[in-house]
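Next come two complexes, and both contain chain A; in the first it sits with chain B, in the second with chain C.
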Partner chain A sequence: MRHTRGIRLLTSGLLLASLLATAACGLSASGEDTSGEPERTGRIAGQITFRTLQLKPNFTEYVQGVIDAFEKEHPDVRVKWEDVPGEGYNEKLVADAQAGTLPDVVNLNTDSFQLLADRGMLADVAALDPKARADFVPGAWDQYRLPGRSGVYAYPWYVTPEILTFNARLYRAAGLDPDKPPTSVEQYFDHAERIADRSGGRYAAFMADPQGRLPGDWQKMGVPILDERRDAFVFDTPKAVEWVERMRDLYAKGAMPRESLTGSQDINQLYGSGRLVFGPGSPGFIKDIKDNAPKVYRETAVAPAVTGKLGHIGIYTQSLGIRKGTRHVDAAVEFAKWVTNGPNQVAFSKAATIYPSNSRGLDDPYFSDRGDGSDPETVARVVGAEQLREAGLDANTPVEWTNQVGDAVNREMHRAIKGDVRPADAVRRAQEAANRILRNQRDR
Partner chain B sequence: MNRTTPAGLAGRYLTLCLMLVVMLGPIVWQLLTSLKSRQESVYDGLLPSSPTLENYSRVAESFPLFAYVGNTLVVCALAVVSNCLFASMGGYALSRAGWRGRQVVFTVLVATLMFPFESVMISMFLTVRSMGLADTLVGVWLPGAVSVLNLFIMRAAFLAVPREMEEAAVLDGASEWQRFTRVFLPSAKGALAVVCITSFMGAWDDFLWPLIVLTNSENYTLQLGLKALSGSSLVNDPRLVAAGAIAALLPMMLLFFCLQRYFFKGVGEGSIKT
Partner chain C sequence: MSPAPRTSPKAGRAARRRAARAQETDHGLVHRRWWTPYLFLLPGLAMVLTFSLWPFVNTVVLSLTDAQILRGGGFVGLDNYRRALGDPAFWTALTNSVLYTAVVVPALVLMPLALAVLVERKVPGIGFFRSAYYTPVIASAVVVGLMWQWLLRSDGLVNTVLVRLRVVAEPVPFLTDGTLLLVSAMIVTIWKGLGYYMVFYLAALGNVPRSLHEAAAIDGAGALRRFLHVTIPSVKPMMLLVGTLSAISALRVFTEVYILGGESGGPGGDSRTLPFLIREVGLGFAGETGYAAAISILLFLLTLVFSLLGRRLSKGDER
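Right after this comes the complex of A and B.
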């Protein structure tokens, strides 16, 4: 999950920057009215549009069912559902925001939330619906606050927690005990080293691309990312340098596939053909493997994610935002609440490999039944749910760590891992670049 | 002609075969993946152990493949007709008729090629929307109704027609329109085929623009439908994606085979006429 997110961010970052630049100058004729928060009228009626991120055709039945039930409950409301593929999703949102045609209720992921919320396109749901907070897992709700502003700008929807997946057969072959998977980043590296020593080049431990690993790994090693006032990056520490050194040494040893540094290799393909020990850390991935590589699925083991000093995972939910200029506030709020309520989220989790952000949903026995403990998919569900209950925002990527910062840091890390630059220099330069970007953003 | 040694010949064929593998490899791989059954691993081995067409029927079931192909074909047909018509008329005007400033017009047109699509996308969307064409196939087609590149190709083809031929036609009493349809167009048949294929391909492959314009999935073009199959973070079935991609490829290949005679002629056009 985090891996694919990284790639998408990388490719869309530049494009969006240029898009917004051109959008900013001129052509605001039909732009959104962003003044003032909408107010509730108490009348739940009208036609609202609802946009989802790539849920057709796989979950058409589920989503339509939720809509139909809502319309039955509120006969004066018509919900028009549109589903948009994930690729190009942000570009379409930007175009719609410019044209004033944003949907009333819109499905957002972490980066599209930033995109709309930063520009003041979303309504404050905490003001519209003060009681909603109690329904969600701690952290999920707070994820949608904005720095320097009061208010919460989206309803948390489904989640995919981070877990650890690995090929137990290969793990054993490397002389490691599948019942004692790593719990800290340092251990993870130790195990990877062991795997590299024993594999004879036939398989690797994990993917080299640092994009998805940072700043998470540093946080788990106790490296502070920002200073207390959150106005400068301070990750240039001996621990961070140690991380780079170990990555460099492991890369040289063959613990990671050569080409994986640039992210051009498909992790599913490598793991699914038994050439990689650690798979991507999401429960959805387990289902992929079950469907696409039955043999490797039987060898797959699941454990809680490596959390190191933090002791818990971060939380990244999909969310439902409400357009600030919506004409039918009540209908939009009620609908967003409906989609994200406990029963509807649990039903969704049963149709897809996702988790409810709604705490009442997470209490469903479906998320605590381990079965006989041998089926990876069932175990993954329980492990994921357990971790989710304790998830905390401090393990999330800080909002200051934007795509631009991530790319800048990543560039330095690439060079250091390849061995072209000394790790200490790379970390220092990464911090300088990150601070430059942060200052520019603050000045604007 | 120089003589080829057997070794040289073998080398040529070897290089050609290598190219063939490089070019066809990914397509063959997709084809084989699309034939793999759900019981076997997608990632192991190249050949499907129990080949099945099941994935194709699943594609047809899980999303309205034919409706999407139909929408795409509408856009393609409009694009091909409008491009052939306007590119040849425009190309003629820019190449022959002696009017002032045509060089300036041409330069300005070519200069617009420098703007990346992304930078004009939003203003284009606002324009199309204000014309009431948002979420329509006409809106998808309109900005690409005639491409500068095609104008460029047609202009080059017309420039290659010998002046003597045109003068002969004038002496025979042919009007401007007659010269255009009877003399110029027939001698630029190849270039026209190129315009035809490139505009078809452009409309067939386009993703971002249709995505921006269309919102209702009933109006989706094939590329949008295919993207909905792949790239989902919740479901990942390479077999299904491969089957969809292969199904999407077929119409393109058919068109190419039908037109390839003209296509190759068009590429070499403007060189020497015999």
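Right after this comes the complex of A and C.
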């Protein structure tokens, strides 16, 4: 009976296929590159692949220009550029890492760096290029070290520093001096309270969503987030409780738009329509406001970000990693160096609202010329660059503060800010939840 | 068996001879091509197997592991299911999803029917109303969500009117109270579903024989009586279909809650539904794919229960 045999064959084929696919699901460590560190040969040649994160079509011209100039300098090298959209970028990286097809030079953000570096897939650039360190802002360079290892695993690339933006007209209307913006979280809250008292409900001071404020605000208030061994959250302190109490009181007073608590309101819209005093702390936002709300743009003032006890901002640069198993080490290293060098980073900054992580790039007059001090975009550039030189990693969100931890803390904060739960209880429960998640993640 | 094709007796004989010869020379000629129909089915089957069945099987397998988004997991048996049953967030989400279904389904079974009866009449300009009621269906969920957000915000249209008319002293926290947020999302879902299911009912109403209505009218039945005893029994199968379809989509609701309540699923995450929880658990670098898969399977079982319920009801009706 061929009929039955055929069906049987088909069935077993399908079963086998599904079994294979089941075995393939999830990530195995098989694609991990466990070969030793690559060594330089002194011959800069070969074809290398270069992957960027969402730079086409806006910056096609710039990137292609950088590549062309490099190929002219090194005629034996061919650079194959591929640009991947932000959505699913990391998933694609993981798939490529498994398949052993990572690009030779790859654009990484903080998350994807962690992802590849932890698995030992990136080359130690400090070993390949010992002099590189001097070229970069210290915070940026240190960002690519790994705990327990001596190397540095990516070249820092462009960065956007945190700044403080606010509507100076509304600020003045609340009886505050725009030349004396807050420098600590406590002062920021004091000013917000003043704004709430004077605004008559016509505008609010800042967005209530704790997601964007934590753990940064706590770090700036001197609250320890993790214990020294980094295996438990320890933020349940009187200072953290004080933060929640102030947030609760300010929310009740109307210092924040009510719906901003859950992040369902758009900060750009609120600020752009003159209903919010403190805007988002990113330089790119200033350009958006300039394009979309020229009137509010003219009223916008820029100051250094609130840094409180830390005294400096955190730093999250984009970076260029080099695949550990690359066949053309010299070409890859030279190319990554080329893309991240001072002049190329400065040129990029002029095309986009970003900053160089290269200290020579930051020394360019473009980043120190305030003009007459009245144009927010120009001032933002100078303020951002000044802050960048001082940036330190202790102000960054710890990697242990994952999405899940953030969500859990956020939920407790929501309840407390609305006044449904006592602040002390909320902080205690947030810490318990965060530690549960951390243990859970460590156990696996 | 299909009837033999009408051909001339001569051609018929020739064909029969050919067939007989074929059977003589190669017994399995007809059987050898047993796979021909499968060949035709293959493209469709491949799609279903690859994009529906296979991911489903994969989800079941995944739900029995402790896989994370970036790490293949080991087999953990029913641990994920046990964990879900002990997780307060799961129970909140389950309660919200069931509550959502319980409110939205009856509303979406009855209200579009009433609307369909209204717009079925042949009145001048009725086409405008039919199209108008259908507009929310073609509007994107995001646009609809934003529009309702503007309406329901504390400084939105509804609250401004209520406060001005002194119906309430303080703005109603439609979007910042867990329960009210869920109710607001339900209203959006119902509003959006009205026109969609109205079209279903319009088709069903078109099939109700006029003679039934006329006979009932002659027997002295008024409009309400005719609606209850003629219209409703005639469109009952459609009501069951609408019930099942709306139940399935209500159990999967995400967009409305997300747009009105933000990424956290309302303040404190109190308005999270099951799909919301699945997303939250499975997202990010520490995303627990295994656990998220287990909740997906539980949601699937819940959907299955509602679908079977609908089937049973319709079977009972046939009898």
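Going forward, the second predicted complex is superposed on the first by the 405 of 444 C-alpha atoms of A that agree within 3 Å, B and C clash if a C-alpha of one lies under 4 Å from a C-alpha of the other, contacts with A are read in each partner's own complex, and residues count from 1 in each chain.
In this section, a residue touches a chain if its C-beta (ideal position, glycine included) is under 8 Å from a C-beta of that chain, and two chains touch if they have at least 3 such contacts.
Remember, predicted model here, so these are calculated numbers, not experimental data.
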Chain B versus chain C as contact partner of A:Asp369, first or second or both or neither: neither
First, second, both or neither for A:Gly272, with chain B first and chain C second: first
First (chain B), second (chain C), both or neither touched by A:Asp111: second
Partner chain(s) touched by A:Val94 [first = chain B, second = chain C, both, neither]: both
Touching partner for A:Gly86 - first (chain B), second (chain C), both, neither: first
Partner chain(s) touched by A:Ala293 [first = chain B, second = chain C, both, neither]: first
First, second, both or neither for A:Thr353, with chain B first and chain C second: first
Chain B/chain C common contact set on chain A: 18, 22, 26-27, 94
Parts of chain B lying in touch with chain A, wherever the complex brings them together: 38-44, 62-63, 116, 118-123, 125-126, 129-130, 134, 207-208, 211-212, 215-217, 224, 227-229, 231-239
Touching residues on chain A, where the partner in the complex is chain B: 1, 4, 15, 18-19, 22-23, 26-27, 29-30, 51, 54-59, 82-88, 91-92, 94-95, 98-99, 101, 160, 268-269, 272-274, 284, 288, 291-296, 352-354
Residues of chain C touching chain A in the complex: 28, 31-32, 34-35, 49, 54, 57-58, 61-62, 65-68, 70-73, 149, 153-155, 171, 173, 175-176, 259-264, 266-269, 280-281, 283-287, 289
Chain A to chain C touching residues, read off their complex: 2-3, 6, 14, 18, 21-22, 25-28, 90, 94, 111, 114-115, 209, 211, 257-259, 261-265, 402-404, 407, 410-412, 414-415, 418, 420, 437, 441, 444
